[in-house]
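Right, I'll just put the structure down here and ask away after.
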Amino acid sequence: MRLMYLGDVVGRSGRDAVVREVPRLRKDLKLDFVAVCGENAAHGFGLTAAIAQDFYDAGVDVVTLGNHAWDQREMLAYIDRDPRIVRPANYPDGTPGRGATLYSLPDGRKVLVVQVMGRLFMDPLDCPFASAQAILQKYPLGAAVQAVIVDIHAEATSEKMSMGHFCDGRASLVAGTHSHVPTADAQVLPGGTAYITDLGMCGDYNSVIGMKKEAAMARFVRKIPGDRLSPAEGDATVCGVVVETDRSGKAVSVQPLRIAGRLQQAEPGFPV
Amino acid sequence: MRLMYLGDVVGRSGRDAVVREVPRLRKDLKLDFVAVCGENAAHGFGLTAAIAQDFYDAGVDVVTLGNHAWDQREMLAYIDRDPRIVRPANYPDGTPGRGATLYSLPDGRKVLVVQVMGRLFMDPLDCPFASAQAILQKYPLGAAVQAVIVDIHAEATSEKMSMGHFCDGRASLVAGTHSHVPTADAQVLPGGTAYITDLGMCGDYNSVIGMKKEAAMARFVRKIPGDRLSPAEGDATVCGVVVETDRSGKAVSVQPLRIAGRLQQAEPGFPV
Amino acid sequence: MRLMYLGDVVGRSGRDAVVREVPRLRKDLKLDFVAVCGENAAHGFGLTAAIAQDFYDAGVDVVTLGNHAWDQREMLAYIDRDPRIVRPANYPDGTPGRGATLYSLPDGRKVLVVQVMGRLFMDPLDCPFASAQAILQKYPLGAAVQAVIVDIHAEATSEKMSMGHFCDGRASLVAGTHSHVPTADAQVLPGGTAYITDLGMCGDYNSVIGMKKEAAMARFVRKIPGDRLSPAEGDATVCGVVVETDRSGKAVSVQPLRIAGRLQQAEPGFPV
Amino acid sequence: MRLMYLGDVVGRSGRDAVVREVPRLRKDLKLDFVAVCGENAAHGFGLTAAIAQDFYDAGVDVVTLGNHAWDQREMLAYIDRDPRIVRPANYPDGTPGRGATLYSLPDGRKVLVVQVMGRLFMDPLDCPFASAQAILQKYPLGAAVQAVIVDIHAEATSEKMSMGHFCDGRASLVAGTHSHVPTADAQVLPGGTAYITDLGMCGDYNSVIGMKKEAAMARFVRKIPGDRLSPAEGDATVCGVVVETDRSGKAVSVQPLRIAGRLQQAEPGFPV
């Protein structure tokens, strides 16, 4: 199976690039499944139902969230009606939405997408490792499901790499999101799980993590309230990975993807 | 001028790889100047005088530190005797060592290396932007010095990208360290400064940021004291960037470098 | 019922004062039950079995811990053998020891002691409110148990006051520990639960939270490793509260207790 | 000299109590100088010029701020016009307002009021100890000024106690603010400086640090956006200390003050 997962889409520039590139990539790379992290799609803050629909129309199968899940209040009411949206599984009991979703391909194969949120340097939540453990035990890779993607939405590289090893052999891919910068450490771990510390954002990299740089910089330099943060408007780079799995659901390869915008380009090459 | 800067060297595995690769790279890539972050070189914690000497013998010109600067207590006494070692400039007044060093090439050209430490999710220090500002004003690029490297040793990608823009046009390179994971966002910013959010570590990537994964993972999963952290012992990947500058000291190009070990390889290609 | 709960005992000075005062207080104040937080009793870091025994010999019934629970490694092995020691209930499943204990008075009445740890500005754990909820539902005040003490070991006053209100009507006392400074806000909340944000330490207040002031101060002023922290050795003030409950287990009154040492003295007066 | 300093005033309830009690206290206690922390006076968030005027009319001499200094944007423009308002001295260079003010009593004696902000668990700023040092050196107690008040607006008790010792002998009073809970550790330190870890708020203590408890509690229990925080409306307790100094400017005594509202009452008694 061939899976693509794209990182945090930031604002209009990010959305435009995703909606433009996904249809082509889906075809060119013969992708079976596409997920994208949408927590910053709505002007940098959260996701709306309409934007999720734009993603689906472009060929996205599942949309994940993160700590910005509820920035758009409509998501609190909407999320329970849309099984294709996943929010962190380690939110408290009673939180709207789901922390994992099972997506069925047209041929009946199933892809499990799980999101957990890290805790180091982030808002305290229940343990992401215990959360992931409970879900992974319920859906053994290669048996109940043909592919498993675990998104670790987190700040600290140590927590993200720990999650990679924690799931190694039980997931097809463990991918970090949230830092908005792609890492260059994509690898298949010893147990067969593809891993990358962060997918990077789909956004304008002439910015501060996707936001206009002047206002964002001012927050570090001065300590008085300044202009509101808003998404940078230059051309976005679409960032993510493409993973090839074998029949066991484990990864055969993981390749970075960086298309358009300012970053050094990378497009996976596959034998036709 | 051609500058190479390598990220945090972790333990013996990282040191072995750096000492093995730097002489060859220095020659093959016709490098004018080489720096390396040594804060984790001594079994993961700090730097010793002997290890610094090993780096110099291999062709390193300047060694930077970070929040682990004083893990080896000998460094407190030693650092004032070695002008090639740089620690964060925004440490309090009276801290041993220097926050910037001026290195003279054999032909008389000068390279300024500055290190500042971020504050977001880190131990509180004085403002890294004000620190950088004071130093950069003193050494105008292209006038007093022919190249300027600013190391932003920090956790948060937002603070690192802000430092990149803050120095844009005034440094040849702004490079992040500390996260131990290479980022894939190397670019020349609009003002002519090469930038990368993190150089990544020189260490074994089958690990948790360079440390053996079992003990490191246990710290996240269980909350009782466990085994001490110690460096992973597999083959290291040497990670960093190579920057080409023009006569003004600004960057013409920045290329990622990932050599040996588990990560996808990248070696800059230059016309001979 | 008359309950006394004393805050974090710090080092020898704190232990000496507790062991000296508790027998007298137990008699003078006609106390039915005495608990003490012992997480800093062993030279400032953790608790040993021998020190716990000294507390029991002096008339202490239950000893609580906190984030320093495992500073003395022997506690990891010992705690399961001593039902009178309570550690935070929201540690991960599988952590040695217990997060709540049921203590039987000679006349058969039962006192439940629960400890939960806050998360704001502290190491991430599972939700202390969910933990407290599960335990309180199992032991209804006035039915299964005649008194309930909830210790919220936490940094932030907002989290501690929230826990007070969360348990209001379901506990006899919600008392904060960990800050090592007694607060002057003891009150009976509207639902009948006695509350204080922090009991304060049993230690020398000519110090930095019980530790010698020079070394502790240096950590804030300089950013290089300095002397190890060790407990201040002046006379300790014994700090805590005494709560009087009625037959329903709710609080009739809560009175601060500050005996010996440098602080303004307070000893509850009860009708004989 | 007799000085009173009151803690963070929260919302209307806190303001009403301060404006009601200060005139009487000023007379009854024969106070020479009155300061109050006003950072939460405007509906819990910041201070306005009109509210500052209300405080002055009631007999307040100086108003301090804190991390909420700029919650009311008008303060950014106003503060430079009002020398009686003090904001943290360790804000970056160029921040509007002043970090210390010199207040002249009718008889010519001078009171210096300094505010510094802690960094542990707070937004990063420059070193509060270095800031305090620079100011205290400029205004020696008993020489240039007859009384010195240092406000350490901070979260961590360790940082606050360290500031107390750091200034011991150089200030008449070091008082903590920000936690909104009064501490019961008022004492004169060995060098002659009165000290208290936190003055507590002037606000309704049937609340979460002055805010309505339901919305504040929900933020800890659930992790979805809830109601906005707004000040609790019950009767406020006016909290602070009264310090008596001798001719050298050092403290002879420090007495807690808790008037009205829910908390145990304390009003300093002085010989007439």
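All chains are identified by letter, namely A, B, C and D, in their written order; residue positions are counted from 1 within each chain.
Heads up, the rule we're going with is that a residue touches a chain if its C-beta (ideal position, glycine included) is under 8 Å from a C-beta of that chain, and two chains touch if they have at least 3 such contacts.
Chain identities (UniProt): A, B, C, D = Metallophosphoesterase.
Just so you know, these numbers come straight off a predicted model, no measurement behind them.
**Q** Which of the two pairs, B-C or B-D, is linked by more C-beta contacts?
**A** Output for the comparison: B-C.
**Q** To the nearest 5 degrees, please report the angle of the rotation taking subunit C's Cα atoms onto subunit D.
**A** 180
**Q** If you average the CA atoms of subunit A and of subunit B, how many Å lie between those two points?
**A** Whole-Å distance between the two chain centres: 29.
**Q** Can you give the whole-Å distance between the Cα centres of subunit B and subunit D?
**A** Chain centroid spacing, subunit B to subunit D, equals 43 Å.
**Q** Can you tell me which residues of subunit C touch two or more of the remaining chains?
**A** 92, 120, 125, 127, 130, 221
**Q** Quick check: in the complex, which residue numbers of subunit A touch subunit B?
**A** These residues of subunit A touch subunit B: 120-121, 127, 129-130, 155-159, 161-162, 165-166, 179-187, 189-190, 197-198, 200, 205-209, 213, 216-217, 219-221, 239, 256, 258, 262-264, 266.
**Q** Please output the residues of subunit D touching subunit B within their complex, sorted ascending.
**A** Where subunit D meets subunit B, its residues are 92-93, 119-120, 124-127, 130.
**Q** Over in the complex, which subunit C residues touch subunit B? Could you list them?
**A** 70, 73, 76, 91-92, 94-96, 123, 125, 221-225
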